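Order of writing sets the labels: A, B, C and D. Residues in every chain begin at 1.
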Amino acid sequence: MSEMKTAAYICKGCGLGERLDAAQLSKVAQKEGKANLVREHDFLCSAAGVQMIRDDIEKEAVTHVAIAACSRRAKAEAFWFPTVAMARANLREGVIWSQPDTDEAREGTQEMADDYVRMACAEVKRMKLPAGNTETGHNKRLLVVGGGVSGMTAAIEASNTGYQVVLVEKSGSLGGWGARLWKRIPFQEPLKDPVETGVTDMIDRIGADPNIKVYLNATLAKTTGAPGRFAAEIAVESGSVAMEEVGAIVQASGFGTYDIAELPELGGGKSPDVVDQAGLEKLAVEAAARGQPIRRPSDGGEIRTVAFVQCAGQRDDTGRHLPYCSGFCCSTSIKQAMYFKDVNPAVDTVVIYTDLRVPGSGEDFYRSGQEKGVTFTKGKVTGVEPGSKGCTVKFHDLILNDKDAAIQADLVVLATGQVPNSGVNVDIPEEEAAKMEVKPVSILNLDYRQGRDLPQLRHGFTDSHFICFPYETRRTGIYAAGPVRRPMDMAQAVEDATGATLKAIQAVENAELGRAAHPRSGDLSFPSFRRDGCTQCKRCTVECPFGAIDEDEQRYPLFNESRCRRCGTCMGACPVRVISFENYSVDTVGSQIKAVDMPDEFSEKPRILLLACENDAYPALDMAGMNRIQYSAFVRVIPVRCLGSVNTIWITDALNSGYDGVMLMGCKHGDEYQCHFVKGSELANYRMSKIDDTLKQLALETERVATYEVAITDIERVPQLINNYAAKINEIGLSPLKGFA
Amino acid sequence: MADVVATNETILVVGGGISGMTAALEAAECGKQVVLVEKSPTLGGRTALLYRYFPKLCHPVCGLEINLRRIRGNRNVRVITMAEVTAIEGRRGDYTATVKIAPRYVNENCTACGACAEAVSAEFPNPFNYHLNATRAAYLPHAMAYPQRYVLDPSLIGTPDAEKARAACKYDAIDLEMAEETLQLKAGAVIWATGWQPYDAARIQPYGYGRFPNVITSVEFERLADPHGPTGGKLLRPSDGKEARNVAFIQCAGSRDENHLRHCSRICCMASLKQTHYVREAHGDEGRSTIYYIDIRAIDRFEDFYQKVQKDPTVKFIKSKVARIAEDAQTGHPILHGVDTEGYHRYANEHDLVVLAIGMAPSVPAGDVPAEVIGDSSGFLEAAAGDGAIFGAGCATSALDVNRSVQNATAAALRAIQVVNKVARAEGTA
Amino acid sequence: MSDLNTQAVERYRNNFLKEVEENVEEGHWVKMCMQCGVCSGSCPFGPHWEHPPQEIFMMIRAGKRDEVLASDSMWMCTSCYNCIVRCPRKLPITHIMHGLANYAHRLGIAPKGQPTREFAKLFWDNMMKKGRVNEMKLTIGHYFRNGIGAGIKEAMAMKDVGLGMLKAKRLNPMELAGGHGLKDLKGFHAMVAKAKEIEDRKKGFVK
Amino acid sequence: MAKKEYAFYPGCSSQLKASASNYLVSVNSMCEKLDIKMTEIPDWNCCGASVGYGEGGELPRLAISARNFALAEQHLPGQDVVATCAACWLASRETIERLDASAELMKETNEALAAAGLTYRGQVQARHMVEVLIDDLGYEELAKPVSNPLEGLKIAGYVGCQTNRPFGIAGESFENPMYLDKLVETLGAESLPKYEQKVTCCGGALAFSEPDKSQKQIRDIVESAYDHGADLIVTPCPLCQANVEVYQSEINKKQGTKFAMPVTYYSQLMTVAYGGTHKEAGLDGHIIAPGKLEEIAAKGGKK
């Protein structure tokens, strides 16, 4: 790497030149910021301004650029210099747009700008241009776990895209639940009749595809590695073990059905004439094989009436059964009623439901069921009583308000829900899991420090918590697809598996280039740690929200770069500050904190440090500026990747160097967390709850450090919080530590 | 714009809402070249106009920020706004698209300083608030607009205000001579993600939208609830600006109705459940929400949210498709007439405000897509004709929620990648 | 119960819905109802229906044959067509109500003395006489449906209306003696008889 | 030759000395002014009206309507059947729709018609007079003959049910049709577009059998017209006209109201506006005399 040469550029456009003393800023950059080159420009983001910077990089060998202009969120296309390290001093949104344009305010505004120039110069000097580690793994094969419709779709789609696949299926054949269906619901118009499942075709395609290697009767005994270099130990029932190297994993481990024996009140387990939907498929397949209509299981008698009980053991608020809705079961019952109607319209089929849930064009399938004479009754089933010939279904007819309605049915089908095959719940401590009655079997058997399977979100499903990012995973390179992710029907599973396949492909492509995945996609930086300083406290390995850090044989942290999402939570966790990124470190932030010019204790000018999450709080501040909402000129804002990356040393350093208060603004945490790095904000909050001791040691009031949950939309609230806090500092007085620094 | 270079290995994404952005980004982050074309002046689409998402009640612009950051940081995606694709010719792996770009009258010199907006006084109905208020005719669509560049509304052109705007700009960013441009783009595959539009509520005659000011749509209600919307987040009803405390939500407004949209729009039940939260947020225990429904379709874990709302004593559920709305001439209160079908109870309920959970219609019905595609009976895009490589994504294909749209768009991106990968293999570039 | 009734009951004991589908005008639509209730809320005479249309559809599916056919609800239909234009499933509800009323009437299960039932019969018979309606006879017939005494009372109560109509030359006492009529009354009668015969055969009303 | 020619189906109520005889009078006058030739379908029969179902069943009802069509096809080939009565028009439209949709019903209907020596070939269009005025002539054409504008009259346009639902006038809304308002304005009077009872049911055929229930409907219709300051109500339906006009005295008697709201046909307004006399407009056929309209007629009727 060539010698560091720093350049600072002061923009005078957008009113900066009028509101601020640019010459003074240049002087600050030169004298205090120690920039080797300082230039002012009337319109820095113009083609001419950008060319000027480009020329400096090329001709003057500038390696580090500090741009003092607008927010880093603005004009990113213009200020695009991928070959140099760059810092931005936010003088527009962060200074002149958030400060009043008055004579009285002029001094404070200039001080703010001066500080931001100091900070940018200090930061950029500690930054290195991330090179991206391209040695983290080059394997581009995909491992698909599960050979049902979702898994087969993933394998076929990956192969179609030009990637090789290893497919591991627990049972002796491909097809999963899909293969056990007599017919499926159509995916496209006309949504009128049950259609062939197409599962056999898929199985045949896979069999004929040289890109897809299938292991049947096989499970994952052990999975190690990271995107680009996973190693899977595949245990085959026969006892043999195969090793396969892959770059990414699609987990399509599917679902089980809710056990109807748990539903004795609905006749579950009490009579062969009460079946679940899977049971009815079996009857339909068998009947078709015989070339006869479906007959009553108990005695082979003729079936004249079939009752379908929706939401059996689902949408349960008593805590005994599944609390959620599986989504597919209303259409499935309609389909199954058609099995009877299509053969013999004289058979009565009654669907008893509370809310008929057939969204989208599923409404057409519902209509088709009605056209065929399937009847629908809004009611709550109170009990199913098996008799000698069929059962009595008792229900409360909600329309006719008849609490004692009953149907005599030859066959009762309970629409039970999907129970995900998610493996072990990594959030339940091993000791507790050991006490569980039914011990869950791991699917992936990851040898990760943080558990053997994908973390579960709710009700055992491994879904993403993000509405905008359904494929967000907490184990980089491993993507759940199909009903293991959330309850779904076959059409959605196909779509879901296709999407998950893309993400897996993306993961191997990222790994090859040493590039981060969402949400810091494209980031080439990665964490490194100073081994000699490490105390093996394990906080980094425990707290990494993505399970990226294992422990090596000597119990030092072992960073798996391609699993890492670059949030910096490990950096925030490290008590001895040995973890850093090339462009984001304890130093890049620490130096900014220290670069601020600290007025003395008699100046009546407090300084407040605001560490703002770059995802939500910082944009909110920007938008406050755009809306010209004013806030205290005493605040100095530093964007952080995530509040989880905040190392307490920054707080103590700030207080020691005379700051009067420190504000931390991060995303919402808890059950409905908004933190883009899952746990960063929560961890920061936890860490700050412990900071009181430190404050006491320093003989400081606890109010000197304050943590806030902030949303990106808090455009008015964030300035208000700052102003309130400034008022609070005014109330409790300046820091007694001022002047000792 | 002229610098947009595209080849048969390029993926053209039409529509810059969350589905289009997702498809473009997912493909680009797999290393593919993408051109993203958006009709309006900004990316973000309809989700940017929502106040909160169900079921988390989080803010859609949060995800938008992340997606915009991904776009800003990825040179594989090139964005063209104010542009419409008017023709797509060719075949799988070899398409030529004609793109018509409307004049923005503001060039890339714009720094978004806002001087032009200050200089003009002319206003026009704000499309980003569903025309509930007016905005200056030199404007930034919203605080998260991308590109962060002002726009002059065509109504301004030729007026003295246009000259004022030009004079106010120090950076020569305003170009009043800007004219419509037409561009030809090559692409190997096309992702059609033009999204949805609310069904025309005025056509649901018994509900009197357009006749009764206090009958509004769910998308308009989102703007009312948004602190950055036309009422500053207060639920002020249109007739008299009074706060609406007692709000009725009518489900299936246009959906599941063969007189209007034959499909179920999927999102509306959850949207209304979510919006009861806005009423609670505004008025606490004093608020009243009533949901008139046929079936509450809260699928999978959305059921949790439904159960939570059911426990809220300020929210009432009535299983009924409202027959008609009348208006109290004195108070302006809408009066809802109908029958609660659970046990047959007739009602004539007075509310402060009625929110129609309006159905989703495709923005561009499949028949109007300028390419050979197959649509369903609701005009959603099912597939390209023959073996074409035009893939629908998001709400252009079906009434979907955000999560499902993104899922769908991600799948569409893979299908497009399959095509361009094949082209690359054939051309020996891969 | 008439023979007609026994026959219908025998054949359709298990499934009233099927009976309705086969014998009631537009009855095959009943199964398409999704219980939204917009019809029930749209009816101008709504409050007077013991069972509104959507509930009747549910009752039919629930096999509540007697309750439905003996109900006077269907006779409340004013033929305003509000329900038809609002029904999201496009059920011809007005016609189904008419059809059910007619079916119940033909079976003899419809409530005795139900005024609209009586009036409907009066109307049809009046019309059949001459091929066109004789309003005077219809009016008198209506008021005297319950016998002379009640008729005089009712007619007296309405005498202002009647006198007004007479004065405005919009009710003609001379019509009692004759009135307008078709030239080809014979053909008309033969045609209606034929139509009735075909329908009765089709719907199992053959005596 | 007349500008337009139609096969006329006047219906029972429009016969001489029947309840809507003045409707017929005004329609004839109006058509004359507009140069529309209406030829009565020879030997037409009753449509069965709204209560025909009770005794009549389905096929007999279809057959009687089809008989009118068969006669029209035979005697007035190529001409649209135009009804002035809402019920006649509706029964005709329904019959056409039902027979078009079902070959079986068409066959059975013709079987019945054969008994009267007739055949229906399925070529008839059934139109309401209002459709003729609006679709075939248009407001501009309707404005031309206006010689005695109805200035100063405030008129509530009461559309009612059966000309409005389920078929209605093309381009109009079921809940808030505007054509009567537009027509009223075309004739120089003031419309009351916010009159909210314009599509309320008057009780229709049940006015006889369920007088109390129907009169509740009529009360709303009249009361709202008063609330909006109407001088009179205009309607396209003879049953609405009769019900709303004649039962006002009953309501007054039972409920102590003082209703005296005139109810007229559009054709009467048009005849007057076109310079027709009191008699030509059939204004003598009212129980509640439309005083203000009569005054205007007197002024312009001098010729």
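Here is the rule we go by: a contact is a pair of C-beta atoms (placed from the backbone, for glycine too) under 8 Å apart; a residue touches a chain by one contact, two chains touch by 3 or more.
As the structure is a computational prediction, the values presented were derived from the model and not from experiment.
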{"item": "Set of chains whose contacts include both chain D and chain A", "value": "B, C"}
{"item": "Most central chain, judged by mean C-alpha position against the global CA mean", "value": "B"}
{"item": "Per Cα centroids, the chain farthest from chain B", "value": "C"}
{"item": "Between the pairs A-C and B-C, the one where more C-beta pairs touch", "value": "B-C"}
{"item": "Chain A and chain C, separation of their C-alpha mean positions in angstrom", "value": "64"}
{"item": "CA centroid of chain B to CA centroid of chain C, Å", "value": "50"}
{"item": "Interchain centroid distance [CA atoms averaged], chain B/chain D, Å", "value": "46"}
{"item": "Length of the line joining the C-alpha centres of chain A and chain B, rounded to whole Å", "value": "24"}
{"item": "Per-residue overlap in chain C, given as positions that touch at least 2 other chains", "value": "34-35, 54-55, 82, 85, 89"}
{"item": "Residue numbers of chain B (touch at least two other chains)", "value": "206, 256, 319, 324, 341, 344"}
{"item": "For chain A, residues contacting two or more additional chains", "value": "356, 378, 399-400"}
{"item": "Pairwise chain contacts under the document criterion", "value": "A-B, A-C, B-C, B-D, C-D"}
{"item": "Of all residues in chain B, those that touch chain A in their complex", "value": "18, 25-26, 29-31, 47, 53, 56-67, 69-70, 72-75, 109, 111-114, 143-144, 147-148, 170-171, 226-228, 256, 262-266, 295-304, 307, 319, 341-344, 376-378, 380, 382-383, 398-400, 402-404, 406-408, 410-411, 413-415, 417-418, 421-422, 425, 430"}
{"item": "Of all residues in chain C, those that touch chain A in their complex", "value": "14-15, 17, 31-32, 34-35, 54-55, 58-59, 61-62, 64, 89"}
{"item": "Chain A - residues contacting chain C, complex", "value": "348, 356, 366-367, 370-371, 373, 375-378, 397, 399-400, 402, 405"}
{"item": "Footprint of chain C on chain D - complex, ascending", "value": "12-13, 15-22, 43, 45-46, 48-60, 62-64, 67, 108-109, 111-118, 161-162, 165-166, 174, 200-201, 203-206, 208-210, 213-214, 217, 242, 246-247, 249-250, 253, 284-287"}
{"item": "Chain B - residues contacting chain C, complex", "value": "206, 252, 256-260, 294, 319-324, 337-341, 344, 346"}
